[in-house]
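Chain naming follows the written order as A, B, C and D, and within any one chain the residues start at number 1.
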Amino acid sequence: MEKRILLTECTDDVGLIAKITNVCSLFHLNVTRQDQFASPEDHKFFMRTVIEGDFSNDKTVKTFIDTVISLLPQGANVRLADEHRRRLCVLVTKESHCLGELLMKTYSGALNADIVCVAGNHPDLGALAEKFNVPFKLVSCEGITKEEQEKRMIEVIDSTNCDYVILAKYMRILSPEFVGHYPLGKIINIHHSFLPAFIGAKPYHQAYNRGVKLIGATAHFVTNNLDEGPIIEQDVIKVNHRYDPETLAKAGHDVEQMVLIRAISKVLDDKVFIHGNKTVVF
Amino acid sequence: MEKRILLTECTDDVGLIAKITNVCSLFHLNVTRQDQFASPEDHKFFMRTVIEGDFSNDKTVKTFIDTVISLLPQGANVRLADEHRRRLCVLVTKESHCLGELLMKTYSGALNADIVCVAGNHPDLGALAEKFNVPFKLVSCEGITKEEQEKRMIEVIDSTNCDYVILAKYMRILSPEFVGHYPLGKIINIHHSFLPAFIGAKPYHQAYNRGVKLIGATAHFVTNNLDEGPIIEQDVIKVNHRYDPETLAKAGHDVEQMVLIRAISKVLDDKVFIHGNKTVVF
Amino acid sequence: MEKRILLTECTDDVGLIAKITNVCSLFHLNVTRQDQFASPEDHKFFMRTVIEGDFSNDKTVKTFIDTVISLLPQGANVRLADEHRRRLCVLVTKESHCLGELLMKTYSGALNADIVCVAGNHPDLGALAEKFNVPFKLVSCEGITKEEQEKRMIEVIDSTNCDYVILAKYMRILSPEFVGHYPLGKIINIHHSFLPAFIGAKPYHQAYNRGVKLIGATAHFVTNNLDEGPIIEQDVIKVNHRYDPETLAKAGHDVEQMVLIRAISKVLDDKVFIHGNKTVVF
Amino acid sequence: MEKRILLTECTDDVGLIAKITNVCSLFHLNVTRQDQFASPEDHKFFMRTVIEGDFSNDKTVKTFIDTVISLLPQGANVRLADEHRRRLCVLVTKESHCLGELLMKTYSGALNADIVCVAGNHPDLGALAEKFNVPFKLVSCEGITKEEQEKRMIEVIDSTNCDYVILAKYMRILSPEFVGHYPLGKIINIHHSFLPAFIGAKPYHQAYNRGVKLIGATAHFVTNNLDEGPIIEQDVIKVNHRYDPETLAKAGHDVEQMVLIRAISKVLDDKVFIHGNKTVVF
């Protein structure tokens, strides 16, 4: 008995759950967990169904999915998450905490994925990646245009055949061309603030100057609107007047790495749907 | 179009979701939200289905439920939560914070229920209940046996025709006879600690002596095992060495009232199933 | 033995703690708790000293304070918090949760203050205030200019001889004239978001549209920069895609009332200093 | 201008702060931060004073400390935290998350200390330590008595000249002889639960069986009472009915590593005093 995850997205309609689960029954697939959300706002339907059964016959599997699609409203997006171990390409600059946690969690198996490449615009984190036998690619910005640097970075990323690009404190603003090169949902960023507060640069200085009592972090999918992509996960930590920008950043780093790992973990479990500029996270 | 909630509990089996949602379709009931859990441990199945349709014909509704039951494994527990506004009977002693919050949240409508009676073993909170035009019954322990006092309290409770008995800091240990007089799930208690820590009396003194850095509260259904009933909701608040038992209790009260309200709110929404000594909370 | 709190604010300098504690010793005043903060940024010094001793002779007390001042840098602000029970004037509109919690916490004694007046621009909360025998003043905006309404509100407030004005969901933007009529630190507001996110109106709709995973609240002193005054306390609560603006608001209300009470509690304990646009909270 | 930290512990008395700060003034040492706590329960006084000045003359420094001691009650414990970079010896078994985080945080500099040795009763984590050029010592339990294994472990620890022994998921119960070999405050443990709940083995199974809604972790100093030493730091994370013992443990690991790092960070900053079976954490 194998286990697979069926992911369904379509316009909401009467009887969708019945239809989908019926098809599962018909194909002798047992539903062990089902999560569903229908947005009252725009009548979109999202469902994640964990099914157990025999998936050895590719033709049968294809027929199963085609049958599901045939019963759903026009434009439905249905897929069976395949079982390959996901491949992460991690982009970094100089700060090590997010990369370090990613390396540790994949090393220990807590995160069910492989880091296939670390690419940095600075060489600082090469030694760390190499400790874990992960290849490091330097794609420096020095002496070349932003366009050229991005072109080289895209080449590096695309050569890795990765499933997700993780911006683990990659301190470069991506051009619309770069972002547009990848499907929505492939690039995940960790933002050093509780978005939408402190959008932009130096959020810890902004937080210090504002005198906030909480410091946050936000993991989100990347879109062309800087810091405005669909939020996957957020958390905060308490701070007080004794924190300066440096100690705020240190406290913030702990939240950042935790939030990033939680977000990636949810994505790897196929629990995250993109819904316009938001997410549905089961 | 009315909205109702279908609650299903039974032994887990293949195809349960399909069967139930099919019956809904058959009766022209649209599923707008569905939450499901199958316990891998003991193979129990729980499902909460929000359905929309016409429930005006009692006979049709009965047939609908009978049909669902007929398709499920032996011993299934299926019910359609009726729509009456729930009635709460609140038991208190001297501390006002939980009762106060219950009165405020029902007054404002944030909690969708009516407090039909406050009963106390001390007269202290009578004036507060009466501010909100809620009848207060004094069931003193003075000069009578525990057995006799409980008998009187049961009479008071039973005369109110209430749906839930809320122990809002009722500082009496209930006898097995008292607890056994009510079905499991009818009595909800707020315990002044993060259970299972600090079971029993004077938890804030226990917490002080242990030097903990967090203070918690637990809302749970009451069973005959004191402080051991199924947990509905828990939360904590940070404290430090400057807190003494009195200020710990003050901080704890804020968590207690918040946790109790959240738990009752979930119960009133029919989102809580009892699963052995645990709960499933959707 | 009486207990008092000595509050000191001045330019930072070498030996300030020694000077102040020496004067305490000289006057036979025992220091039981001392909290101090020197801002590395602008070299301001803040100290809160709890002292025990005999304060019965007004002349001696005056000499004590004068002696402290004489030893501190020019422009020092030194005061002995007097012991009178603080008087709160609470401004409201229609939402009851913050007023309700204030009434409950002063009623129970958890908040060491008296609500001497509730003033609203709508009559809705009059009945609630009167349950607790607190006078309610209606200062309607209907048929009069904003200027005139604010003039009347100021008259109401000033007639109460209150120590603090609490904006407990008072949904009016105050004019600079209104704000300027009171010393900085006298007006406390609860803002329905984790500032600086979602400044302005309809924060729960803003939060919904942005798809955030946390909802917050901020208690702050009021200045002429709307939503920009010194922050006293903030907290958040987790939410998810199932929340709509209405349920977000409901979740937010719980955080709002908790954050407001915590902030007022700190202010009543004389633990909050204003430091430019920030606070020092001991 | 050097910065040092003066740590004072003694019986509480009138005028202690004045006396200590006076001596600082006398020796031209500027106090930049002072935290103080007097326990109302047993009249113990704790003070942490950050001082700036010239500490180059050892004889003057000694006289300074002797002068402070001479003015305090009998039995005072006064010390000037020296500035050497602290040395950590980390004991492990098989789980990598706490060791991994310690290696990362010392590598990045977020934790101001050196891991001088990792010692394990299993060989599993040797490869990880060695990635960071930290020597790993295997002290197996196989084929030898507990007494002999502990003797060998003590030899390893003592040969490292470490300041602190960190039990980073070292799954052995230490004998009183082992614990007694080190001064109280030298050994720090991370316990996989919110103590005092779920003392002892298999806390995640215990938590699962109890159906708790929060999972916690506790960092504490080790004493001869297992799981009963002074608590330094605690935190929790929300869980629900979908978690099984394995996913509870995974969630718990994130809290464990965060709580352990925070506790060690406080200890390295000399912000933690032991007060009987509790701590004072500034």
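Please note the rule applied: contacts are C-beta pairs under 8 Å (C-beta built on N, C-alpha and C of every residue); 3 or more make two chains touch, one makes a residue touch a chain.
Labels paired with UniProt names: A, B, C, D = Formyltetrahydrofolate deformylase.
Keep in mind that what you see is a predicted model, and the values were worked out from it rather than measured.
Student: Given the two chain pairs A-C and C-D, which is bridged by the higher number of C-beta pairs in contact?
Tutor: The greater number of contacts lies at A-C.
Student: Which chain has its C-alpha centroid at the greatest distance from the C-alpha centroid of chain B?
Tutor: D
Student: Please work out the Cα centroid separation of chain C and chain D, and write it as a whole number of Å.
Tutor: Spacing between the chain centres: roughly 37 Å.
Student: From the mean C-alpha coordinate of chain A to that of chain C, what's the distance rounded to whole Å?
Tutor: Taking the average C-alpha coordinate of chain A and of chain C, the gap between them is 41 Å.
Student: On chain B, where are the residues touching two or more other chains?
Tutor: Only 37 qualify.
Student: For chain D, which residues count as touching chain C in their complex?
Tutor: 14-18, 21-22, 24-25, 30-38, 238
Student: Quick one: which bits of chain D touch chain A in the complex? Just the residue numbers, please.
Tutor: Checking each residue of chain D against chain A gives 95-97, 100-101, 104, 107-108, 110, 128, 131-132, 250, 253-254, 258, 261-262.
Student: Spell out the residues on chain A that touch chain C in their complex, using ranges where they run on.
Tutor: Residues of chain A touching chain C: 37, 40-41, 194-198, 209-214, 216, 230-236, 240-242, 244, 275, 277-281.
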